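Each of the next two complexes has subunit A plus one more chain, namely subunit B in the first and subunit C in the second.
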Partner chain A sequence: MDQTIKQAGRPDSRAFPAARRKRFSSEGRWGLIMVSPYLIHFFVFVAGPLAASLYFSFSDYDMLNPPKWAGLDNFARMADDPLFWRSLWNTLYFAVLFVPLQTLLALVLAVVLNQKLKGLKWFRMAHFIPVISSWTVILYVADAIFNPRFGMANALLTRLGLDPQRWLQDEALAIPLLVIIAVWKGIGYIMVIYLAGLQSVPGDLYEAGEIDGAGALRKFKSITLPMISPTTFLVVIMSTISTFQAFEQIYVLTGRGDMGSAGGPNNAAMVLMLDLYREGFTYMRMGYASAIAWVLFMILFALTMLQLWGQKKWVHYD
Partner chain B sequence: MKHKRWSRAAAYLAIAISSLIMIVPFVTTLMNSLKTYKEYTSVPPRWIPETLQWSNYAKVLELGNFGQYTLNSLYVAALSVAGAVFSCSLVGYAFARLRFPMKSALFVMVLGTMMIPPVVIIIPHFIIFNNMRLLDTLTPLWVIEWLAQPFGIFLMRQAFMNIPKEYEESAKMEGCNPFQIYLRIFVPMANPTIATLVIFTFMGKWNEILAPVIYLTTNEKFTLPIGILSLGGQWVGNEQLMVAAALISLIPILALFLFAEKYFVQNHASSGIK
Partner chain C sequence: MAITWKKTMLAASLTLTLAATGCGSNNANNGASSEGASGSASAPASSSDTGASASASAASGEKVDILLGYYSDEKSDSKMKELIGQFTAAHPNINVKTQSAPYGQFYQKLDTQIAAGTAPDVWLSDGVYVMKYAERGAAKDLTDWIAKDLKADDYYGLEYNKDANGRYWGVPQGIQVGVLFYNKDMFDKAGVAYPTDDWTWEDLKTNAAKLTIDAKGMTEGESGFDKNNVNQFGLTFFSITEGWFSVLKSYGGGVLDETGKKSAIDSAQNKQAFEWIVDGMNRGIVTDPVDLKSFQSNTAVFPSGSAAMRIGLYARVLAANEAGLNYDVTVLPKGPDGKRVAPVIANSWVVNAKSSDAKAQAAWEWIKYWATQDDVQKQWAELGEAVPVKKSVANSDVFLKAGAQPANRQAFLDSLGFAQTLDVNAVWEEWVGKFNDNAQKAFLGDTSIDDALKSANTDVQKVLDDFYLNK
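And now, the complex of A and B:
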């Protein structure tokens, strides 16, 4: 609208009113043509699938026969499925260890790096190499350290006179170690997000703090932390949501390419995505797998809402 | 003043230790890839092999389907990058610059799609590609990229919105249609953002594991990350070669990263501002 008004003020525009009207309506046509790839995407690959998977979650479906309505059977079965509860528990356990640890360490690193140190670029690059590596690469890197037979960690433990560990093949150690490896891989990514957040904190706030005689710790607590809380929220939302959908890292690190052994010893590292994959793509129980997917979706949705609500409630925006 | 110098020294020490924790495992892995099988499995391990077996890398290229996996990965990544650049810039331009019916409702759809986790739609996707007889082909791995992903739409829309109005006014005067304006004026001006999109898409596809695991069953069709894992069964007694294979698969990404570091960091940093 404002374009038309502006052009109407030009001396030459009145000369071509018909041409202008034609172009304006063709703009609407062009707009729709140009967004059409996304329209196809939305209806064929988002809205349709969303409805379909909701329907499947109330059906019996093996892909050979058409889906058969089964009411709440899939959900009732889920309530009695120990592997589902094990997977849910493991996923929660993973998230509770992973999200705070990665967020905290990344923040500390970013604050340290933000002091205009020389060679910042090189330090940042060092922390980004695991970020750009595939989980297959990370498997062999983790193996160099934590292979139970010939890894460096056991060599070190033996030299110190301690017992060697079975690491990822140990039921109690599997998830904590997966968390450590995931933090190691992802920390550079979160650190860079925090660095961007820190750079937006105005420097005069710190000067004011110094005049008031605040020490480094005090300044961190009273200025840095509140000022970057929007970033912290974003990071926590992002990492929680991606942790609940973690598949590749567990599949590769515990299964080494074999779906049968993925999930660790005695399902110690079985997570929801892996359970879903097996039910759906190994056993072809598409209905049950869709039900698991919807439960996971609801958890993620609730988390997002909770965090959006919390964000409104107590996050500081300047 | 003295206090400040100490705190700087402590900062350097902390960041140096942290960098070593990042790098040393990779160096250890590199060493593993240069060992004989006997050295690779020796207890206690030797950090540096007796002689560096650079021939391991040549062997990887000759053995098994490694070359085929590389071609498959390149094929998927190239088609995905082309599709993402084409479709996201087109849709992003429309949202940034054109008026069309239902524009704001459609944009809310893009926003909404970003909140839908992939987990809830992967099964229907599998069924769609099954019905199209496209399972065990590379098509499902790249075809959706031609239909504009929300993140890319956002990125391109932002870039196009920042270009001043004057540029399109003169082109309109000359009678260019919106597509011509997009192609001749806006796309060339958004090159840095397109570079970010290229790198983001390439890295995502090159490293992707879930979709290839779901869609591919024939070994010759595998992409690098799952192909290398599948060599485990074929290369018993040669596991050090798999380490070399994994490191070879890292080279393109690492090279891209070393030459275009700012695009990697920019992209990740900007997701924090959103």
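And now, the complex of A and C:
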């Protein structure tokens, strides 16, 4: 494809006789026409905005007036913006808790639900319901448990003679609690991906293992885990990216629709996407927000590269 | 090598696309989820051409098309369209297109439209946002037109949109002023006399203590009273407008100096006011920030019957009436030296600075029509969302409504005599956020009042400098 276009576009190519050149160029033209819907979409809705946001990240832009070139000002500002560092730290903290916990629990759940159980479909469905629920619905369920005044968790603690907690309004508990809620909501989706992975493991491998006298645990460790390692790899990358993009859940759960109080007590749950959104759309510093977005991209990119590099050690393709 | 590079590109495009799409969908969902969370019913965003039929009949003179933007819910949307219909019938040469959306989405769209140069020629701005647009050059200076066409004495709140240089940036569409709401049933039950206009904040607290009841039905002073398990608060209180602003001001303190560019937070008066607030929250009499998070929204505490008193804007009458409360209102309490301050917000019509002269002139016709026509003012007042801007209408039975709750509607008008805007400037939302972050720490006892005020002073000054020193 590449070659075709290059050669078709060369004005005086002597490498091909005229007739052939013509055929190539008309083919190339048709090819271009065929892919043009995608290309137009790409340039207008992906490449264009990306280039614009890259330009904004180097400019002073309040959305109401044209952007003014500001060099590295936005990045310098980021370096001594305590809220940015706090958000970055919180995001990493969230990821470190969330990604392993969700991956591990989803795998356990998938293995359990991969057995021949009675009412299997119902169990699978029950775990998938939170996935398709909106975060607002999740808020109400979480609130029934963790509401500091009316919630079940505090009622239980009081019953046990313990002190009631502020839960999401507690600086130390905010992120761990958000992680637990996010795992509860997301686990069904990861479970389905794992189920597909588990079912693609050929049965004869297990049979061979059994003949060799392997027990259930041994089979899991030596057959299942290596065979689904590509799935695990996919899941880890997807979860990591989705953590760095966590916006709606923090906004809804800590702010309840109020941007001013989103981010939890003393910004204990302020994450990068929320910080970015507030800088751009509430405080009208779109240039700075774009700069944060690009730094966010660079971090994600580095993490993904790291995982790609690390996969050689533990992911098995055959 | 080539393979690694391809993989790198693949990884890059994967993360970018995911990042980009993720971001997009988050933004799109954000409005919807915030509404769901706050539980407000709102009309879908709509855009329609109400003026077309009215103006089609008269074809004389140069025709001007204007775009008029406002935020609304279902009820106010249909009323607004009705009023615009009446306007275009009276002004056949002006064709009005409207753009309306629920509050949150309206501003999201407006900001991007201003950036793209396609913003409405005239729009309804929340009072606290007028300066945000004015100081960034998006609003038109209306000083001359106001001087020429509006008699200042006839209206409430024209000066609320005046900046430090004496320029006017908007004309009030409706006024929100804060008063003290009190639940009469709760006062009767506790045998406490209703609040009077002699009350100081200390009086309020003394009485609020008697109205604070815990889960076992105990009040402060009775043995076994659990201040951490209060069912009925004496006073509900949150954020700036319906919270700390009027307390700070009536104690002689405040947030910004008169230039609006300097923070004046670290003062003895503010400390005294904070001591009043923190003590009230600590004793369980006043809702603290954690208490508030137990409710569906900050504003739900009073209508749901969980507080005996609140500081409330006029618009809160709607929810209180809907909840069927037996309540009334009075002016806010005085500070220790007798100073009294009510918070006020004038939601205002703003004209687009980039509109052509003809369009701006037509937009001004609409604003003039809104302010001067008694009939328009009356119809809007009927909706019950705001205090009418025109004094003659506000002081008539259209607004004072003898026999309707709350009985003492006069208190809203009286409060305008000592009302102050919320130190509004271009970065209002941002410094309020910084102030609240610090205040919350003091309110919850996580830090001392002195430290909270000092740190709030530094943070707010930083926000102000960031905007004003760079301009």
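Just so it is clear, the second predicted complex is superposed on the first by the 278 of 318 C-alpha atoms of A that agree within 3 Å, B and C clash if a C-alpha of one lies under 4 Å from a C-alpha of the other, contacts with A are read in each partner's own complex, and residues count from 1 in each chain.
Definition applied: a residue touches a chain if its C-beta (ideal position, glycine included) is under 8 Å from a C-beta of that chain, and two chains touch if they have at least 3 such contacts.
In this text, all values refer to a predicted model and were calculated from it rather than measured experimentally.
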Superposition on subunit A - do subunit B and subunit C clash or fit:
clash
Which partner does A:P148 reach: the first (subunit B), the second (subunit C), both, or neither?
second
For A:S229, select first, second, both or neither according to whether it touches subunit B, subunit C, the two together, or no partner.
neither
Pick one for A:D62: touches subunit B only (first), subunit C only (second), both, or neither.
second
By the touch definition at the top of the document, which applies to A:V192: first (subunit B), second (subunit C), both, or neither?
first
Larger residue footprint on subunit A, choosing between subunit B and subunit C, goes to B
Touching A:G28, do we find subunit B (first), subunit C (second), both, or neither?
first
Would you check which partner chain A:F123 touches, where first means subunit B only, second means subunit C only, and both and neither mean what they say?
first
Touched partner set for A:Q165, first subunit B, second subunit C, both or neither
neither
Touching partner for A:L296 - first (subunit B), second (subunit C), both, neither:
both
Have a look at where A:S133 lands relative to subunit B and subunit C in the superposition and call it first, second, both or neither.
first
Contact residues common to both interfaces of subunit A (with subunit B and with subunit C)
46, 49-50, 63, 134-136, 139, 149-150, 241, 244-245, 247-248, 251-252, 256-259, 273, 277, 281, 293, 296-297, 300-301, 304
Subunit A-touching residues of subunit B, taken from the complex the two chains share
7-8, 11-12, 14-16, 18-19, 21-23, 25-26, 28-29, 31-33, 40-45, 47, 87, 90-91, 93-95, 98-101, 103, 106, 109-110, 113, 115-128, 130, 144, 146-149, 153, 172, 177-179, 182, 203, 206-207, 209-210, 213-214, 224-226, 228-230, 232, 242-243, 246-247, 249-250, 253-254, 257-258, 261, 264-265, 268-274
For subunit A, which residues are in contact with subunit B within the complex?
23, 26-32, 34-35, 37-42, 44-46, 48-50, 52-53, 56, 63, 109, 112-113, 115, 117, 121-137, 139-145, 149-152, 155, 158-159, 184, 188-189, 192-197, 200, 216, 231, 234-235, 241, 244-245, 247-248, 251-252, 256-259, 273, 276-277, 280-281, 286, 289-290, 293-294, 296-297, 300-301, 304
Quick one: which bits of subunit A touch subunit C in the complex? Just the residue numbers, please.
46, 49-50, 60, 62-65, 134-136, 139, 147-150, 164, 166, 168-169, 241-242, 244-245, 247-248, 251-252, 255-261, 265-267, 273, 277, 281-284, 293, 296-297, 300-301, 304-305, 308
Residue set of subunit C touching subunit A in the complex reads 7-8, 11-12, 14-20, 22-23, 26-27, 29-30, 33-38, 108, 111-112, 114-115, 132-133, 136-138, 228-229, 239, 289-291, 293-294, 296-298, 427, 429-430, 432-433, 436-437, 440-441, 444, 446, 470
